[in-house]
Amino acid sequence: MNDIIIKLLWTLLGLFIVLNWGMLMGASMRKIVARVAHRRGIPIYQPWLDLIKLYAKRTSISHGVMFYLGPVFRLGGGVGIFLFLPLIYGSEYWSNFSWAGDLVLILYFQFFGMLGMALGAGEGGHPNSVIGITRGLSQFTTVEIPLTLAVISLALQYNTLSITEIVAAQQGGVQNWTLFTNPVATVAGMLSLLGALRHAPFNLVKAPNEVPIGPPTEYHSAFLGVLRTNGAVLHVVEAALFMNLFFGGATNWAEFIIKTFLIYFWSVFVGVVHPRFRIEQSVVWFLKIPLAIGVLAVILYI
Amino acid sequence: MVKNLYIILVLVGLGFMFYTFADGFESADKLNPVAERYAKQGPDEVGAANLVTAVVVTYRGLDTLGEVTILFLSAAIVAFFLKVTYGEEEKRQTRSVSEIMQTAARLLTPAVFLLGIYVFINGHLTPGGGFQGGAIIASGLVLMLLAKPNMKVSHTLIHVVESISGLAFVFIGVLGILYAGGFLDNSLMGMGTLGSLLSAGVIPLIYIFVGLKVGAELSNIVAHLQESQNEA
Amino acid sequence: MVGPIYIIAIALGLAFLLGFFKKLNANIAQTFMMAGVGAMSFISVQWLFGHLAGMVTETVTYTAGFKPPFSISLQMGAMEAGVTSMINIFGFLGGVYLWRKLKEMGLNAIIIYMVTLMGLNVIVLTRDLFNLFVFLEVSTIGIVGLILLERGVNTISSGFKYLVAGGVISSFMLIGTIMIYKYAGSLYINDIITSNIAATKGGMVALFLLLIAVILELKPFPANGWALDVYESANSGISAFLSAGFATAMLFVLYKLMPMFPIEWQAMVAVVGGITFIGANLLGIRQKNAQRLLGYSSAGQMGLLTAVIGLSSYLNEQFIFILVTILLGHYLAKAGLFWLAGIVKEKEINSWSLLRREPLLVVLFGVFILTLLGMPPFPSFFGKWELIMKLAAGGQTTWILAILIGSFLEAVYLFKWFGYVLKGENEGLPVLQIKPEKIISPVVFATVSVMAGYYAGSLLGETNFAFYIPLMFIAAIGLLEFLPAFVKNTFAIAGMGYLAYTTLPGLFETDLLRFIFMGIFILGGILTLFAGYYYKGKRQGFYPSALIMFAGLAGIIQAETLLQFFFSWELMTIGSYFLIIRGKRSMTHGFSYMLFSLAGAYAILAAFGMVDAQVGNMLSALGGVTSHATLIFALLAIGFMTKTATLGLHIWLPGAHAEAESDVSPMVSAILLKAGVFGLLLTFFGMGAESAGNSSILYVLGWLGAITALVGNLAASFQEDAKRLLAYSSIGQLGYILFAYAMATQLGWIGGFLYVINHFAFKAILFLTIGAVVLRVKTHNMYEMGGLIKRMPLAFIAALIGIIALSGVPPLSGFAGKWFFYNAVILKGWYFQGAVVFFAGVIAFLYSYRILQTVFLGQLKDEHRHVKEIPLTFLIPIYILVIGIMIFSMYTHWVLEPITQYLTAYFPSDPVHWDGAAATTSLGYWNGTWVMYIIGIMFVLILGWLLWLNAKATKVKQFNMVFSGERPFTPETTHMAHNMYAGYNKALGFITAPGITTFWNKVAEFVTDAAGFIRRIYTGNGQTYAFHIVAYIVIIYFMIF
Amino acid sequence: MIIKIVAIIIGLLIIGLAIYALHAKKLTVAILGAGAVSLLASIMFLLLAAPDVAMTEAAIGSGLSTIIFFYVLNKIRKQNG
Amino acid sequence: MENIGLENIALFSGLILSLVGLWGLLTQKNIIKMIVGFALLDTGIHLIMIAVGYVKNSTAPIIGEGVTKANAADVIADPIPQALVLTAIVIGLGITALMLAYAVKMHQKKKSLDINHYKDLKW
């Protein structure tokens, strides 16, 4: 019993680290993007302020039960991935609850949050949220394919679906990273990451610059706070997943922070230099080059 | 025309098929075993001098029954079909028939009837029999009708004759099962002397009935046709 | 025993006697006639019973006191007794049926009727060739007379055509007969058989003429236009006479004379019959006139029987059985249908809907149609079964194909007709006037058909009494049709419960595979039946149909022999067809369902034939097949895939499932589809997946399953109709299942089982929920719904659980399937198929979201502001399933571990290890229970946190939302539901282009066009028909000489 | 020998009359032709030692049949008129 | 001439007469003529049948002048085909009468004897 409580405490600590790191990373990215566009950008502490403000807001309205549950699902999705993901290789405590399920569990748990969010936003009754969701789902379907193929390739390469074992196989030097041992799969995975994180050019879903659109339209105050929390957690966790799969994992928090930052940066960087796709364009795009690369990745390991 | 060509083609094919029958066709020098038995034993078994009659009435009696049935059916159908609906009773044929014709018919008709009866009574002895006799009787009726187109033939009479003779035919047949070797067995009655009128078992009896029946049925057909002439 | 000669004596004596009474009261005359026919029937039936009881032996009656060949003899063997019984009993019932007509037409008609019947008797009995000819003429002339019961110009001209054709045919017969006499020296059939007549060319030609004349009397395609006109225009009682009486007798003549002909001609007879069977049935497709249609069918059936006679050398000891059962089926059904045609008095088959005014007539119609088609439990089913088995044993694959094609074509028009009867607007249908004397005979024949079916089945030595218990139960329910629905529903559920009680425990001990499927069938049956309490009134026809389906389903599980399996399979198909077409607009879909099912069933039948030929009748012996194993495997797979709606064979499913009633959709979707899966599993288990041929088929099936999943899911995403969406989703899910089983590895099959159970549970939940919602909101279109969560929250929760289970999101059971898939795919090496499947799995989110969003979320429509929660009768089964699915998700290992053990027998390598809830493979691991716990706790914690933060959240009105300062529009325009995935459709919609539907439509079009083209040979000109006859003779002559 | 020649002549006549009957413009001629064919056939039967058949053919084939034909023809004429 | 017997002549005439009759039945548009054709076909068949029953140089199968019970088997023609023909003739008459009755009724309905006018039922 003690074990579990201690485990739980460590996990909560990890979650806290990840959350803060996520916010910091998000803020710094926005800063970078702003600088590229010759703007000053937000102060680096802005996300914290936002979050506190949102959680503290008094007005709160609800459109119904599912509306209420939507953010819960959403954050549950992010935290869930965190829970099933081993963060630091070799550390029993930082491996969270990854013993309950392997890579497949994480791949499919991504949908948990998406689906709940989508339904919650749907109950809000705002037409734009539905539009956003349909776009998001549409895009996500094809984003998954290269990732799936990359995962299959990895499973073939390492003969396992356990993330811990995949990381273990990459220890012993940079040359053992999947990035170098299986570059094709890495490329496929990284392209998929672009879509998964929904940065430009695949950000029509959120379309941050237009009038309120996308799933969060109706959400505000604590609801939005929960969503923001999830955003921060999810970004880090997604990056951590890719780190584990392709970049040798992390043996300590420093390595974790550097690698996740770079992975995250990659997605932002691509977004800055590319215009936005329409949904059917991105759907088709993922079915072309990334798909081909994914297929190649598998073929190489047959 | 193309169609006729097809027909010719098909008929030529048929001719080709038929040619296999004609090709090398030779009549036998002697009778086959079945016919031979009829020839050898027929006079004794059946007692009929006319072996064709023996075959028709006895050996293949069932065929004859079927044949009578067919005529019966045809008569019934024609009657059933051309059921006369006298729209206007008076609208009869008015064409007059010549005096000579009428007289001749009046004289000839009984003779024709008698001839018919003669033919079927002697069916087991000489050529002829029930069918021919019946046909002759019907011709007599035609003669009558020619002379008197407006004559109303008594259907009741025809039907009674037809029914009685038909029933008698069947009855004799059944008696054969009960008292002799089988349906239509000839040996129900004595064979008599070959060549005499009262011989050949029940053949004369049957032929009388067949003759009456055929005569009645053919008359029936003719009468119906005649009456339908006057149909409204 | 009263001798057969008395048949003649009675009929003729009576006929001549009646002549006395030209003016006699027709009633009395008719009573005499019926007494006479009754006596004839008695004579033949007593002989039949004597033969059946073994009391008498083949008896020959001599006439004129001489033995054949010197006189004509009548033979009364078992066959003769049977056939004359058939003819006379038909004659009696037909007389009852025609009572009024005959009376109206008078004495002559009565006499003709009786004499014609007598003629047919003699045709059957006589052993003399010329006598045969004479009485054939008697019958022909009699029929020509009977045609005149109707006096329309068409009837008369068709009678003339018949007469001309009959005259030509009998001329050839006469030439043949006399030439046979010439060469054989005898007219006694036995003599001719023993004589060496075929040695000479002339003798051969003579025999040929006789044979072809007999065949022509059976109305072979295409030389049968003359008969069709009569069938069409004669009084229906007479058409029945022609079809059931005359054709039966003529068929027997062919049978009787067959030994006369050289053995090589059997092939010719068979081919002629086969061409007729296919040709006549093909032309039937375009036919609209009911009686003419029956005429085509009649010709077709005679063709089949002719083929059977021609194929007798392959059928060995079962020849008689096959001949008699198929003949009996034809006889009963055709007579019955013609009689019904007379009751309906509508010419066009699409006006037959007025039968619906009388449920009894519908039942009769159904019995006759199914009898005709050889469906269980009717006699011809067993005949066709044995036929295929024996042909397969003889290696006659082409023949099997031909017979199945012909049967299929026949089914096409019969079921189309059936559809017209069962469906359409009830409004404005005139009331049927049924005279009592017209209904007796069909009822008797329908009853006989059922009993004969049972008898035929028991003759095959199957212990199939057990199979009749459910049928009796169904019949009992059928008799209780007058009771209100809820009473019948209770009976039905009780019956299912009893079935569960008697079967499930035993199966649990012995066979897990069967236990699982039986559990799904029975449990699903009870739950979906429970929803039926919602319906008020009598719900006529529902319970018999549903129970027939469930009886079939239970039967395929319990079947031990191939025959039992196929019997149950067809039973299930019929029951489900009836269920499906109950929907308002489901006729066309039910029709295509039936066609695909039948085609599939025929594929199965063909495969079973080949199996039976090699290893016998036991289902368990499937594995012993050695030759043609791959073909058998493929045929079985195709057959079963018509039921699982695999891509290419799926076009029936969406409509059939979507348009069915609310509680029928889950029956046919969640439950019925599993029958196909069960069949596939039997095949895979039975035949093994190891052999090279099979594994390459499985490879194809794997791809097929994957693509089916993709296309099904994609198409589901683009539907506007909620039930159609679910239907397409079923296609996709069944694609997964096919894929899983095609992998033929332990992991794959575990995944497959998981999907089977999972799909059953969530699809039942979803269809019940959506069906109930549809009942409430009265529309299928999702864009006309929306916001219903406010009105029916319980329905929403159920649907949500169902959707989560469907989409494979952890922690519900769907994920377990995905997990096994990943492991299986990678270990099997089917990476790209796997990728397609996973892609399909992601696409499932699109429609999952769509159905939840557009039905339950978004804007509530004004007209739905007061709809009620879905009915309790639906909620109860739904929530039982919801609880079930939760338990199954949490403790998946309770089910999967035994399955793993079960499968170890087939896959000894054992890649999955179970340690409590934790599953481990060489690749990965997964602990369902813990995942559930972790996610549950986390979810509760976050929810609690949000509640703490946001405790005072107030509910706002529907239109209170962020809308750029504008007031939103109406619910209709604000509800984004129509064409939801427009962008996606633009990108990938081409995949769902209805190419397959178009393909099948083109096929159908081609067939109907062909039928339309070929049937132009029937110009209506009597002369042309006569020419056809002559040309037919000549052509066949030149083909065999 | 003479019988044979007679038979051949009768045979030829039969065929010729038959063709003539079928191609006659007038129906009465056609019917009479058929009757004549029947009559000739009955002579042929006589030659072939079948007096019974000859009688029958003469009485029925050429006699009654022809009469019936004429009745029908007459009837049809009346229907036309 | 020697090897052509009476029976050959009869058979040949019969066969050709049948073909002619059939030709008439198949080509004549007039219903009455079709029936005439049918009657000819029938007569042809009767000829064939009698030809089959003929035995070389035989006499009628009637016991009387020249035919005794003893020599009957050697001198008579086969009685069976003759009996059959008797039946066939009567049957032919029945059918012909029926056809004619039909012709009358058909004509009554449509006032036409052309077989081409009676094809309302087809396909």
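Lettered A, B, C, D and E in written order, each chain numbered from 1.
Keep in mind that, in the parts below, a residue touches a chain if its C-beta (ideal position, glycine included) is under 8 Å from a C-beta of that chain, and two chains touch if they have at least 3 such contacts.
The structure presented is a predicted model; accordingly, all values stated were derived computationally and were not measured.
Graph distance from chain A to chain D, where chains that touch are one step apart, equals 3.
Under the touch definition stated at the top, chain A and chain B share these contacting partners: C.
Chains A-C form the pair joined by the most contacting C-beta pairs. Compared with chain C, the chain whose C-alpha mean position is the greatest distance off is D.
Ranking all chains by how far their C-alpha centres lie from the centre of chain B, first place goes to A. Among the chains in view, C has its Cα centre nearest the centre of the complete protein Cα set.
Inter-chain centre distance (chain A to chain E, centres taken as mean C-alpha positions): 100 Å. Between the Cα centres of chain A and chain C there is a gap of 53 Å.
Between the Cα centres of chain B and chain C there is a gap of 55 Å. Separating the centre of chain B from that of chain D, both taken as means of CA atoms, is a distance of 18 Å.
Chain E has residues 5, 7, 12, 18, 22-23, 26-27, 42, 48, 51-52, 54, 60-62, 76, 80, 82, 84, 86-87, 89-91, 93-95, 97-98, 101-105 in contact with two or more other chains.
Contacts with at least two other chains are made by residues 50-53, 56, 60, 64, 68, 72, 75 of chain D. Pairwise, the chains that make contact are A-C, B-C, B-D, B-E, C-E, D-E. Looking at the complex, you find that chain D touches chain E at residues 1, 3-4, 7-8, 10-11, 14-15, 18-19, 21-22, 27, 30-31, 33-34, 37-38, 41, 44-45, 47-53, 56-57, 60-61, 64-65, 68-69, 72-73, 75-76, 79-80. On the side of chain E, the complex with chain C involves touching residues 18, 22, 25-27, 29, 31, 34, 38, 41-42, 45, 48-49, 52, 80-81, 84, 87-88, 91, 94-95, 98-99, 102-103, 105-106, 109-110, 115-116, 118-123.
Contact residues on chain B toward chain C in their complex (touch as defined above): 3, 6-7, 10-11, 13-14, 17, 20-21, 23-25, 32-35, 37-38, 45, 58-63, 65-67, 69-70, 72-74, 76-77, 79-81, 83, 155-156, 159-160, 162-164, 166-167, 169-171, 173-174, 176-177, 180-187. Against chain B, the residues of chain C that register as touching in their complex are 3, 5-6, 8-9, 12-13, 15-20, 22, 61-66, 69-72, 105-106, 108-109, 111-112, 115-116, 118-119, 122, 126, 128, 130-131, 134-135, 137-138, 141-142, 144-145, 148, 179, 185-186, 201-202, 205-206, 1027, 1030-1031, 1033-1035, 1037-1038. For chain C in complex with chain E, the touching residues are 130, 134, 137, 141, 144-145, 151, 153-154, 156-161, 163-164, 167-168, 171, 174-175, 178-179, 181-182, 187, 225, 228-229, 232-233, 286-287, 292, 1015-1016, 1018-1023, 1026-1027, 1030.
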